[in-house]
Amino acid sequence: MNRNGPIALIFHVLFLGFLLAPILIVCAVAFTSQGYLSLPTEGLSLRWFRAIGDNPEFIRAFKDSLLLGAVSSTLAILVAVPAALAIARHQFFGREAIQALFLSPLMVPHIVLGIAFLRFFTMIGLGGTFAGLVLSHVIIILPFALRLILAASTGMDRAVENAAASLGASSWTCFRRVTLPLILPGVASGWVLAFINSFDEVTMTVFIASPETTTLPVRLFLYIQDNIDPLVAAVSAVLIFLTVAAMLVLDRVYGLERLLVGKGRD
Amino acid sequence: MAYLVLDQLTKRFGNWTAVDNVSLTVEKGELISLLGPSGCGKTTTLQMIAGFLDADGGRVMLDGQDLLAKKPNERGLGIVFQSYALFPHMTAAENVAFGLEMRKIARADRDRMVADALKLVGLEQYGDRHPRRMSGGQQQRVALARALVIKPSLLLLDEPLSNLDAKMREEMQIELRRIQRTVGTTMILVTHDQSEAMALSDRVVVMNKGRIQQVATPQEAYDHPANAFVANFLGRTNLLPGMVGSGAAGTVITVADSVWPVAQPMAAGPGALAVRPEKIGFVDAGGPGGGLSGTVLARVFQGTQWLFEIETAAGRLMVIRQHDGSPLPAERERVMVGWRAEDMAVMPADPEATSLSREAA
Amino acid sequence: MAYLVLDQLTKRFGNWTAVDNVSLTVEKGELISLLGPSGCGKTTTLQMIAGFLDADGGRVMLDGQDLLAKKPNERGLGIVFQSYALFPHMTAAENVAFGLEMRKIARADRDRMVADALKLVGLEQYGDRHPRRMSGGQQQRVALARALVIKPSLLLLDEPLSNLDAKMREEMQIELRRIQRTVGTTMILVTHDQSEAMALSDRVVVMNKGRIQQVATPQEAYDHPANAFVANFLGRTNLLPGMVGSGAAGTVITVADSVWPVAQPMAAGPGALAVRPEKIGFVDAGGPGGGLSGTVLARVFQGTQWLFEIETAAGRLMVIRQHDGSPLPAERERVMVGWRAEDMAVMPADPEATSLSREAA
Amino acid sequence: QEKTLYVAAYGGSFEQTMRKDIIPAFEKANGVKVEYVAGNSTDNLAKLQAQRGNQQIDVVILDDGPMYQAVALNFCADLEKAPVYDQLYDLAKMPSGKAINFGAVGTGILYNKAYFDENKIPAPTSWKDIEDPRFKKKLAIPPINNSYGLHALVMMARLNGGGETNIEPGFKEFKDKINPNVLAYEPSPGKMTELFQSNQAVIAVWGSGRAKALADTGFPATFVYPKEGGIVLGSAACQVAGSKNAPEAQKFIQHMLGVEAQTALAVSAGFGPVNKTVELPAEKQVGIPYGPEQVGKLLVVDWDTINKNREVWNKRWTREIER
Amino acid sequence: MSMAASTDTQVQASAAPSAAAPPPRRPRRRHWAPYLLSAPGLALFAVLLLVPLAMTFLLSLNSFSFYGGIENVWQLGNYTDIIADSYFHEVFLRTFRIAAVVTLLCAVFGAPEAYILRRMKSPWRGLCLLIVLGPLLISVVSRTLGWALLFGSTGLVNQGLMALGLIATPIEFMYTETGVIIALTHVLVPFMVLSVWASLQRLDPQVENAALSLGAGPLTVMRRVVLPQIVPGILSGSIIVFALAASAFATPAIIGGRRLKVAATLAYDEFLNTLNWPLGATVAVLLLIANVVIIVGCNRLVERRYKQVFE
C-alpha cells in the first residue's frame, strides 16, 4: 500500500497552511466590530454581514456572476473538449498554431482584452449585453479548460476506445460512454477552474459590464476603489461559506471524489 | 466465395515491416489460429482487420465487401484484446452489457444475456466489480464475455485464454468450439499455446517476421511442416547430423553408430535426420530399428508426460514418454532409444535450421 | 531455518477474504509454484510478500527478519508483474537498467548486464524501443529481464511467461532453472500452466478460494492429491461411480461391468474410482485387467498427444495417448479400455468433487 | 416608453449618495430612468475613448484633471445656459465652457493621529513635513497621474523656486528627499485607506473628501491644510458629445448644481459646495472646503500648462521617481 | 524431397498472387477529424479574439498625443520607442523573471502536493482538494488584503517574528518582488495542482510498485518514474501559471505597487492613466509575442524531450 510518509504529511500541512492563511485572516476580519479593517480583538460582531443586506446590488451582482460563470464555463467546456481531443490525439498541420491560439487569451493582459472587447462589441452592437459578457468570458476561460482536458486526455489508453468501437459504438457513443467518463476528472476540474476564473474576473469585466449586469467582483472592485472596509471581507467570507456548502452538496449528490477522481478508481 | 479474404496486407512502423504481404482466405464458420513467435505480427494483423491500424497496403474483404473502407464500429466484429482493454469505469456487467446497448437490445433481454455471458465465464458473482478489483484471469474472462455476448459473425481473439488455469481454459475452449459450431461464428484466434491451437483450429497459420510460413490443418502442419521454421516452431524436433550414403537396402543415412533407410532418393553427402521427441521410444539393446545408445541426462515431469534429455554419440536428444505408469529410466541410466523409419524425416544438412526459431524471436 | 516463512497470512478486501490464513515455508534456493484457479488469491499473496498490499493478519519472515516491517523498496526482491508494469516512458533497455542504477552499478557494467539480460530474453535488437511499440510477448520479456538482471535472492514471478510461444517459453523455463541452480535464487512462481509448474518446481502449492489445499512435489501432488479439488485441478481425472464390496480377493469396487481390487480397507457402499486419462490404455477384449467397453465419441489432436472421449456404461472417460505413430482407434469405433490397479485411486463417493474446481472459479 | 439616461461616475460612497439623494428626485421630476455606470475617472475616460463615435454614456463625471483631458479630446459638448450657473463660485467654471465643477475638495496632508500621539510627533504643519526621516517608508502619495500626486509635485516645485512652468525643482525634491520616505505611490483611495488601517502608512498627501470618509469610519485619522496652503481639486461633469439624450443630460448637470443635490453631496460625500446659496450647519462643515473665505485660501494650479507638459512629466515620473 | 526444398515451394504457393502484382496501395485516409473537432473553437476565436486582437495590433501602429488623442497614422514608432528605452527593458525583464520564478515555485510545490493528494484516503482527499482550490475561490481583492494583513510591516507574521525576537525590524514584503512572487505563487499554485492531478489519474500504481521492488526509494520513484509520466500535467500547469503570472495585473498592482511595475501594470497605466492606447497596445502586443514565443518554445522542447509520454 502506498502511503504518504511523515515528511510528505508535514509538507502537506505546511502547503495547506500557506494556502489557507490569508483566507482565514480575511474571514476573521469579517467578524470585526470596528468600522475599519482589524482583527476582531474585542469581541465578534456580525455587523458587516448585516451590512451586506443593505447593499442589494451585491446580491444582484452575485446572481449575475453565478449565471455568467455557469453559462460561460459550460460553453467553454463544450468547445474545449473536442479541441483538446484533436490536439491530444492527432498530429496534424497547424496543431501547434491552434494550440497557441487557444492559449493566447492567457497571455494578453486582461485590461487590453477589456478595451479590445469594448471597442469590438460597441462596433458590432453587442456592447453592454449579457451575451457579450458571456462571449468574452468564454474566450478568457477557455485556455484553462483546454489545458486541463488536454492533460487528462494525452496518453489515455486508446485500446479501450478501440474496444468500444469494436462493440459497435459510433464515435459519438464511444466518446460519451468511454472517453468522456475517463477524462471526466480533467473535464470536471477544467469546468471548475473555468467557472472560478469567470467568477473572479475583474480587470476585463469592468469594461464590458453594463450597469444592468455587473458581476460581483466588479462591484467589489468599485466599492474598494473608494473605501476599503470589512464589508469586503464579509462578502468574501460569505462567498467562501457558500462555496464550501455548494461543494458539500455536490459531494452528497454526486460525489466529489467521483467527479474529480473518476469512477472505479482508487 | 471465401468469407474473409486478406489480400497482401502490409503494415510498416517506420521502416520496420511488422506485417508483410499477408494473404489468407477464411471460410465462413471456420476457426483459424495464428501462430508464431512473439513479435511476429499477429496482433498487428488482427488490429488491421479490426480497423484500429491503417494498413499500408493490401485489402481486407469480408463477405465480399471492402472492410477497410468501413469504420471500426461498423465492422461488426467481436474482439478480445491481448491487453483486455476493459472499460475501467464500468463494472464487469456494464462492460459486458456495452455491446448489447449499442445494438439497442431491450433492457430485460440485455440483463439476461449479460447474466448468461458472465455465467459462461464463471463470473456470475462478480458482475458488480470494477476491473481494477479483479484478478488478471477474471479480467480476461470479462473481456471474453464482452466479445462473445454480442454474437459477432467474425470473432478476433488475441490470446484470450493466456491467464486462465488449465481447467478453466479447457472449459472456455469447449465453449468457443460450441459457439463456433452452433452459431457458425468465424473465428481468428491468436494463441501462444500450441496444444490449444491444435485442439481448436480447423487450420493453423504459422507466421514468422511478418510473413506467413504455412497454412494447413494442425496435423498436417505438425506432421508435414512446410519448412524448417515450421518444423521447429510447432512442437519440438530433434535434428541429428548424419551422412547420407548408399547401402545394401538402397539409400541410407548413418547417424553415429546407427543406420536408417531413406525412402526418397537423395544425393550422398552430409544430411540431417529430424524426429519428434514423442516418436522416440526406449528399446531393448539389440532390438529392431537402429537404436542409439545414450545416457539420461535429465528427466522432467510434465504432468501427463515425462521429458527426457539423452546424451548420445550423435548429440543430445529429447524424448517424451507418457506418464502412464510404465517403468521409465532414471537419471544417469544408460539406455537405448529408437524410432520407426516412417516417423523420421531426412533433409540435406542445414546449419541454420536449429537456430531459426531463436533468431526469429 | 527456512528462508521464507509465510505465517497465517490473510488479506481481506471489504468483506471478501482474498487470502485466508496462508502458511508456507520455502527453503533457500527452492522454486515453488503457486497454482490455483483464477481469482484464488495468488497475485494477492505475492503482492503482500512484495509489500504492495498490507496484510490484514499474519507474518512474513525472510531469512529470519520480519519482512512486513520493511518498506517495499528495501525488501530487495525481484518481481515480474502479471500486468508487466513496465515504465512506459523508458525504453526496454532503460527499463532493464533501472534496478541496476538503483544499486549504483557502474555505467560500463550496467550496460553490459543490460545487454546480456536483453539477449537472454531474445530482445537484443529491441533495446531502444518503448513498451508501447512492442508486442505483448516482447513486453513480457522486458519485464522478465528487468527482474532477472538485478539477481535478487528472492524472485516473485506472476505469470511471467503467459504470453510467450512454446519455444520461447521453454527457453525461458530452462533459463529460470539455470539461474535458480547457479545463482541459488529462491523463486515463487505463479502460473496457470500446469506443465510449466510441474516441469520447473521443486514443490507446488495448490490454492483455492484463498486457502492452501496441498503443498507437495509435483509428482506427489499429481499422483497423490490431498483431496478431490487437487485431483481435479491438477490434470484431468476420470471419476467413475461404483460400488465397494467384498469379493473373493478381498475388497473390490465394481464399476459398470468391470471389477477392480481395492488395496486399502474400505467400508462397503457407494464409492468412486479415480484414474487419470493418460494411465488408461486401449486393451484387447478379454485381455488382462478389468477393461471397460465403450465407443470413441471424439478424438482431438493436441500435438504430442491425442485426447479421446469415450462413452462407457460407467459414464464418459477421457483417455490420452501419445502421438507416437502407433495405430489409434478412429471416431465411433468400439474399443475396450483398461488400466493397472495401482494407477487408480478409490475414494468414498463425493458428489461435490467434480464440480469443485468449477465453483471455485 | 421611458428614456434611460446613462450617467458614468465614481463608485463607492459617492455612488451611494447619488443613488439615494440625487437620482430619485431627478427621475421623478423629469420622467426618465437613470442608469448609473460606476467606475473611477480613468476607467470612465477610457470607456469614452473606446466608444468614440458610438457613445453609450450621456453624462460623465470626472476629476478636474481628467476632465480637462476629456474636453481636450472632444468628448464633451457645450453646456447650455441655465440660471443655476449664475449661482456658482468662479472656481466652478472651467475655461472651455464644456464642463463644470460641481464640487470641490482640497489637497492636504492626512496623518494617523494615534500614531503621532503615541510617538510624540507634533502634527504636520508644512508640506515639507513629509520629508521628515521619521516617516521612512511610512508615507503614501498618489502618483502624478492622479490629481493629488500632481498637486504634490507642483507644490514641491513651487516651494523650491519653481512652479508649473519650471517643474525641475519638484522632481529633484521628490527624488532626493521624499522618495526614501515613500512606502507606495498609491492611486487607489481604497488601497490608501487600507494602508492607514493596517498601520503601514501614517502620513499621506490626500484629499479632504477621502479623509473625511476615512475619519467617518472611526479611524483616528486627521486632515490638515499645510501652512503654505492646500490645493483645490474639483469634480466635474459634462454632457458627452454625441449623447442621444442631450436635453436630459443637460438637465441632470443642472440638477446636480441645485441646492438639494449640493447639500447632499457635501453632507454624505464631503464635496465642498460650489453653489453660493447652499448653507450648511456648522457641524456638517468639518473637513469640507466651505464658504468663500475657506475656498479662497486654497491654491489653484494651472491646468493648461500642466496638461501641455503632462506627457513629459509622466514619462520622467515613471522613470525617475517610481523606480 | 527434403524439408528445406519443400519450404520454398510451399511458401511460394501461398504467396503466389503477390508475386504477380505489387500489393495494392491504400490511399491514406484523409484526416479531417482534428480540424472538425477544433472547428467550433476556431470559429469562436477567429471572430471574437482574432478580430479584437487585430484591432489592438492596428492600434499599436497609431500615434497618440495628449490633446490630439489617437491619430490614425501607421507607423512603428511605438515599437522603436519601447525597443530603444531601457525603462521598458527593465519592466519586461522583471515581468518574465517574476513569471519564471513563480512557475518554478508552483511546479516545485504544486506537483508533489498533487502526488500526495492522490495517495490520500477517501474523505480527506476530497477535502484537501477543496482547500487547494481555496485561493481561487475568493476574489483577488480579498486575497491580497489577507496578505497585506499577514505580511505587512505591522502584519501578523512580522509581529509574531518580532515578538519571538527572531527579527529586529519588520521583513519587507509589501511592495517588494518577493512579496509579489509569494502572492502570485499562492494564487497560481492551485492551477498547477489541478493540472498535475488530472494527469496523475492515468498512472498505473503497479508501475510505481515495480520501481519500489527494484530498490528505488520513494523519492527516486517520484523523480524517475512518476515525474516523467506526469510531464504533460506539469507542462499544462506551467503554461497556465507562466502565462497568468506574466500577464497578472491585480497582484503586482496591489502587492508590488507602482514602483514595481510589470508589463500588465505598465499597459494599464498607458491605457487608463495617460490614455496613450497605442503605446499600451504595443506593450500588450510585445507581451503577447514574448509569451507565445516562450511558451510555444518550451512546449515544443518538453514535448520533444518526453515524446513517449505525449503519444
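Per-chain residue numbering starts at 1, and chain names A, B, C, D and E are given in the order in which the chains are listed.
We take it that a residue touches a chain if its C-beta (ideal position, glycine included) is under 8 Å from a C-beta of that chain, and two chains touch if they have at least 3 such contacts.
Here is each chain with its UniProt name: A, E = ABC transporter permease; B, C = ABC transporter ATP-binding protein.
This one's a predicted model, so the numbers in the text were calculated from it and none came from an experiment.
Asker: Treat touching chains as neighbours and tell me the shortest step distance from chain B to chain C.
Answerer: Graph distance in the chain contact network comes out at 1.
Asker: Kindly list the shared contact partners of chain D and chain E (ABC transporter permease), in label order.
Answerer: Both-contact set = A.
Asker: Return the distance between the CA-based centres of chain C and chain D, expressed in whole Å.
Answerer: Each chain's C-alpha centroid was found; their separation is 91 Å.
Asker: Round to the nearest whole Å and give the separation of the Cα centres of chain A (ABC transporter permease) and chain C.
Answerer: 56
Asker: Need the CA-centroid distance for the pair chain A (ABC transporter permease) / chain E (ABC transporter permease), whole Å please.
Answerer: The mean C-alpha positions of chain A (ABC transporter permease) and chain E (ABC transporter permease) differ by 16 Å.
Asker: Name the residues of chain C that each touch 2 or more other chains.
Answerer: 52, 83, 88
Asker: Quick one: which residues in chain A (ABC transporter permease) touch 2 or more of the other chains?
Answerer: Residue numbers touching two or more other chains: 2, 37, 115, 119, 155, 224, 228, 262, 265-266.
Asker: Would you pick out the residues of chain E (ABC transporter permease) that each touch at least 2 other chains?
Answerer: As it turns out, chain E (ABC transporter permease) has residues touching two or more other chains at 145, 149, 209, 218, 229, 271-272, 277, 309, 311.
Asker: Hey, which residues of chain A (ABC transporter permease) end up touching chain D in the complex?
Answerer: Spelled out, the residues of chain A (ABC transporter permease) in touch with chain D are 34-38, 115, 118-119, 122-123, 127-128, 206-207, 210-212, 214, 222-229.
Asker: What residues of chain C sit close enough to touch chain E (ABC transporter permease) in their complex?
Answerer: 47, 50-52, 71-79, 81, 83, 85-90, 98-99, 102-103, 130, 132, 146-147, 150
Asker: For chain E (ABC transporter permease), which residues are in contact with chain A (ABC transporter permease) within the complex?
Answerer: 31, 33-38, 40-42, 44-45, 48-53, 55-56, 109, 112-113, 116-117, 119-120, 122, 125-126, 128-147, 149-150, 156, 186, 189-191, 194-199, 201-202, 205, 208-209, 218, 229, 232-233, 235-237, 239-240, 243-244, 246-247, 249-250, 263-264, 267-268, 271-272, 277, 280-281, 284, 287-288, 291-292, 295-296, 299-300, 309-311
Asker: Looking at the complex, which residues from chain D come into contact with chain E (ABC transporter permease)?
Answerer: 42-43, 45-46, 49, 69, 72-74, 137, 143, 145, 183-187, 191, 194, 198-200, 307-308, 310-311, 314, 318-319, 322-323
Asker: Report the residues of chain A (ABC transporter permease) in contact with chain B in the complex, numbered from low to high.
Answerer: 157-160, 162-171, 173-174, 177-178, 181-182, 262-266
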